[in-house]
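Each of the next two complexes has chain A plus one more chain, namely chain B in the first and chain C in the second.
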Partner chain A sequence: MTDASYLLSQFLNGLTIGMILLLIASGLTMLLGVLTILNFAHGAFYMLGAYLLYSIFVSKMFSWFWIALIIIPIFIAFISGFLEIFLLRPLYKRERLYTLLLTFGLAMVFDDLVLIIWGRDFLSVEVPKILSGTISLGDTSYPIYFLFIIVLGPVVSLILWYLLYKTKFGKLIRAASNDVEMLEALGINVKWVFTGVFALGASLSCLGGLLVAPFRSIVPGMGLEIFIESFIVVVIGGLGSFGGAIIGALLIGQLEAFGILIIPNFSMIFMYLILLLVLIFKPSGLFGEKTI
Partner chain B sequence: MIKKILLKLFLVKFIFLSSLLFSFGVAYAENTVKIGVLNPLTGLYAIVGKRASQGINMAVDEINQSGGILGMKLEALIRDSETNPDSSVRTGKRLILQDKVVALFGPLHGGAAIAVNNLAKQLKTPQFPWAATEEINTTMCSRYTWRVGSSAQQTSRAGALIAYREGYKNWSSISSDFSYGRSVVNQFKDYLTELDNSSNFKYQAWPKLGEDDYSAYITNIAKEKPEALYVGLFGADLIKFTKQAKAFGLFDKLKIFTDFGGNHIILKVLGDNNPFGHWASSRYLHYYPETEANKNFVKNFRARYDGVYPDMVAGEAYSTTMILAKAIQKAGSADKEKIVDALGETVFNAPEGWIIMRPSDHQGWQSSFWGVISKDSSYDFPILKNIQVISPVQGSHADEKSGQGCK
Partner chain C sequence: MKIKNINKIFYTFIFILLFLLPISGNFYYINLFTEIIIISLLVMSLNILIGYTGMISLGHAVFLGLGAYTSALVMKDIYPSIMLGIFSAAIISSLYAFTVGIFCVRVSGLYFAMITLAFSQAIYTITYYWTSLTGGDDGMIGIPRPDLNILGIYNFSLESLENYYYFSLIVVSSLFYVMKKILDSPFGTVLQAIRENPERVQFLGISVFRYKLGAFVLSGFFAGIAGGLFAPFQGFISPELIYWTRSGEIILMTILGGMNSFIGPGIGAGILILLKDNILNYTEYWRIFLGSILIFFVLFMPGGFVGFLSEKFNEIFKIKK
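What follows is the complex of A and B.
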């Protein structure tokens, strides 16, 4: 393999990882910015996205993947909105610790719930036929499905950007992120903004899980690792900053791809080193204004 | 006055009779021999815990149906290890001190297995960990540590023999960076180098246990262009890696030898994503050898568990239970020390073939199986064909080199 195609391959690997992190981190950062809660159950929605894709996959319906891509995030949006209204809303007036504990408990409940609903066997989903196979990159080959994810990332980001900056709902989200009390004073029913943001975050997270299911494993507890990584991305990028989440995710993605070249056995160090540097020199994150 | 004496007599008789009955009751309950089992019943490896429990329960019922051991009933108390050293130790302690089990089976994972190993030594109870890592019968070994299931050493050294016969010299490896993962690859590399000192390992990948994304490692392996790749990953990690390697077209570029890849659970879940034509191993195969013992075992297992085929874990858990039962029979008593004394050289004609508990390193001596992943019309999942059986004589270190720690 020439150096050029090698570097390109690793760069694309980093982008793929980055795009998935971006989906989950953008949801998490919005939750932190608007609701100021750290949602431990965020990884659970990622996990549910993967499991639900499996269910649709085994139904063998025509265009299963594309149908799943649309209906699973919508389904999770409803479920998560439901959970927010009945479980989280009552706790907002209390200390933040309560919501933290609740979301943590929810995460554990989901881990056992998937075992009950889907059983203990290892599950597998295929890459959709149209996206399977490789294309040649110089003298090496690269999976088409990974390129699909790399393309989907910016598309989703653009949709989100449009939502945040060109719609009324987006304006409400940004305002709530800035100053909730003022928003309430202006007569807006902030409760529904919260529900909307929670549902949006959850559906983004489940989209991430859905996209990785064909090439990763579908197991209980799969949400924890990605939750920790996205949280680091969010802290580096800045709590509540959408742009920060994008930059952070892309950065961490590249670190994971190239890190193993520099320090093969301890590549995770890079991510934590950057986190440390950010916390010391710019605790509100690269693009953020708040701290927890 | 007479009434008082009669009343006292009646009371005495009552107390005497009830204590007699009570002691009978206690003695009756003591006619069971209990095994404590620490399996991952929840979490990532719930499927492994389930299969192990099924193997054990089947063995226990078979033993009880043929009269039990030394006239006593056998009972397995299966508890969730939660894949966590702390809860494993706590539960293990309760099983030994409260439930009075004569032995502990499991846990599966290295960290928990080591923690429970220390507990077992302290409380002088024989332990049969499921973990295949080398430490168990070398540095960590003690009088109470026994392992029936194949060790990483046996399957990897067998793999090295196959690799040598097939003539591959330029290698890469990928395995999880922890005790078991390192054991699997090191044993392979060391033995292959011994057999053929022109073999070399240019790039060795050590992703962390539980890594989700292997694309960077796959790209590195492809860059080095080795002839063959030794894969020491297992469980969910192996599934992720295989799918990603297939997506990158890695199977067409080199030959892959996967230690854990022949396990039925893996072959079944990967389906068409399996590396057909490549080598893999399994510690137990439900279709080989085609002995009566194996065929009956598979038939009974499937009848009992809804048509599910016994995989590697179920097969080994079954054998472990049987070996313990034999040792208790040999010892003539359910006393833990006597059982431990009787374990060495205990022999069992397992469904997979003979297993002999080697006294020097407390490891079950048994054959290793490697084969080529292939489709088969009689099954709706892939199996191994062209099966090579490597005897434990070749697969294990010579007696003099092992077992330093098992006193």
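What follows is the complex of A and C.
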């Protein structure tokens, strides 16, 4: 294996990680921008996505990866919508500390629920058949599944961009992130916009978990790990900025892929270093305007 | 009667009760209450940040871990002295608080919360992988509990549980006194002003950054001592001490007791540890209870137990603050 093709495959790995992070971070940044809440349970939906995919595959109800790819995020969207209506809605009037603590509690409940239902063991899911082969890159082979994610990431981002900038719902979301009171004064039911954003963010996070399941082991606690990483992405990119989330996710993805080559076990140190640099020189993030 | 006097009587009453506890001779409770006493120091140190300054730290367990590992390493490898262990735990923990605080304290609100969490997870990972120093996942066992040497004249053995209980009680209550004095001083008042309105404090010409950093270091100092006491108490430590759920527990204790009062978080620690011990008798999945309790309190009793009780108390006795 030559150096060049090795570096290329490492670059593609970084891109794959970046795409997954992007899915989770874009939901997180929307929640921060519109609802001004930090959803601690955001990673839990990612975890649930992976576990639900495992259960569907094991139960042999149907082994169509593609159907699962659509059904599970919709299911999670409903669940998260209910959670938002019953738990978060009463808290919007109060200090933000309480919503943070509530989602913290929610994350704990989800973590244990996963342990109770699926147990402590590492689980894994097979790569769907159509995507299971490898492709040759120069003199090395590369899994097609990763390329699939690299293609899917931009597609989902494009759909999200269309939703945010070309539809009425997107207009409402952007308006809500600007001035909630004004939107309410115009007779818009902001509560439902919030519920919609929460459900959308949760299903994106869940989609990330689904996609990750075939190549990472499914473990309890995977939710928090990805949550911290995607939060770092959001901080680097700038709170509430969709473009910032894209740049941040790609950056952190590459850092993880190449960091492992330099110091294997402590590669996350680089992530914290970047975080520190951004916080020192531009606390509002690379693309952010406001600081909290 | 003034509320200040009532508080004094209340604190003295609790202290006497705790002092008399070992007479019962029930080792189960002595053990449990040693933990409660040590952890309440940790929780009250967090309350300096959350309750007084309005800074929500989600990574407070990192100080417990740092303190515990420092005191364990110092006593095992350098010199077996309990005072040296605790002292170095406090120093290392404050130094860490100072270095990290310079970065964390610049931001507030959610950013502060998440960055403290990120740092604590970083330390957790380092502790987990640095096997040669910390023992990795297996943790460290056989942490000594050396005698307490008083002025080189008298050796007070800490081997027995009762003696360690008394030692912890004395150390923690004198630290409470110091903490209370600091928080009642102008320094504490500025912190509360920052909680209410940081811009206005800045306009008064007071450096919000310095005071917040001060609060962070102070909190780290007390929390480090809690860690230093905890390691010899338990005899073994593992990276689990730093894991995020541990930080969550500490926050839950603060909320449970009520963050608007000085002693509240300590009572929260007591309630939660007793509760946890009981739940663990039935099931290992106790976080699901913990999370549900947190959700319940946030939704229905945001002032915590002490807040709730003192509200009722004030209503009944018509006490003016």
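The rule we apply is simple: the second predicted complex is superposed on the first by the 278 of 292 C-alpha atoms of A that agree within 3 Å, B and C clash if a C-alpha of one lies under 4 Å from a C-alpha of the other, contacts with A are read in each partner's own complex, and residues count from 1 in each chain.
Basically, a contact is a pair of C-beta atoms (placed from the backbone, for glycine too) under 8 Å apart; a residue touches a chain by one contact, two chains touch by 3 or more.
Everything numeric here is computed off the predicted structure, so don't read it as measured data.
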Fit or clash - chain C, chain B, common chain A: clash
First (chain B), second (chain C), both or neither touched by A:Val127: first
Which of chain B and chain C A:Met268 touches, first, second, both or neither: both
Partner chain in contact with A:Ile17 - chain B first, chain C second, else both or neither: first
Which of chain B and chain C A:Ala202 touches, first, second, both or neither: neither
Partner chain in contact with A:Leu164 - chain B first, chain C second, else both or neither: neither
Contacts of A:Leu102 with chain B and chain C, given as first, second, both or neither: second
Which of chain B and chain C A:Leu115 touches, first, second, both or neither: both
Clash with chain C, by chain B stretch, listed 21-29, 111-119 or 291-299: 111-119
Contact residues of chain A, present in both the chain B and the chain C interface: 111-112, 115, 265, 268
For the chain A and chain B complex, residues of the former touching the latter: 1, 6, 9-10, 13-14, 16-17, 111-112, 115, 120-124, 126-127, 132, 134, 140-143, 145-146, 212, 214-217, 219-222, 225-226, 256-261, 264-265, 268
Chain A contact footprint on chain C (complex, rising order): 56, 58, 103, 106-111, 113-115, 117-119, 121-122, 125-126, 129, 244-245, 248, 251-252, 255, 285-288, 290-295, 298-299, 302
Touch list for chain B against partner chain A, complex: 42-44, 46-47, 49-50, 177, 205-206, 208, 210, 212-213, 215-217, 219-220, 222-223, 225, 235-237, 239-240, 243-244, 247-249, 265-266, 269-273
Interface residues, chain A side, partner chain C - complex: 32, 38, 87, 90-91, 94, 96-98, 100-102, 104-113, 115-116, 224, 228, 231-232, 235, 239, 265-266, 268-269, 272, 275-276, 279-280, 283, 291-292
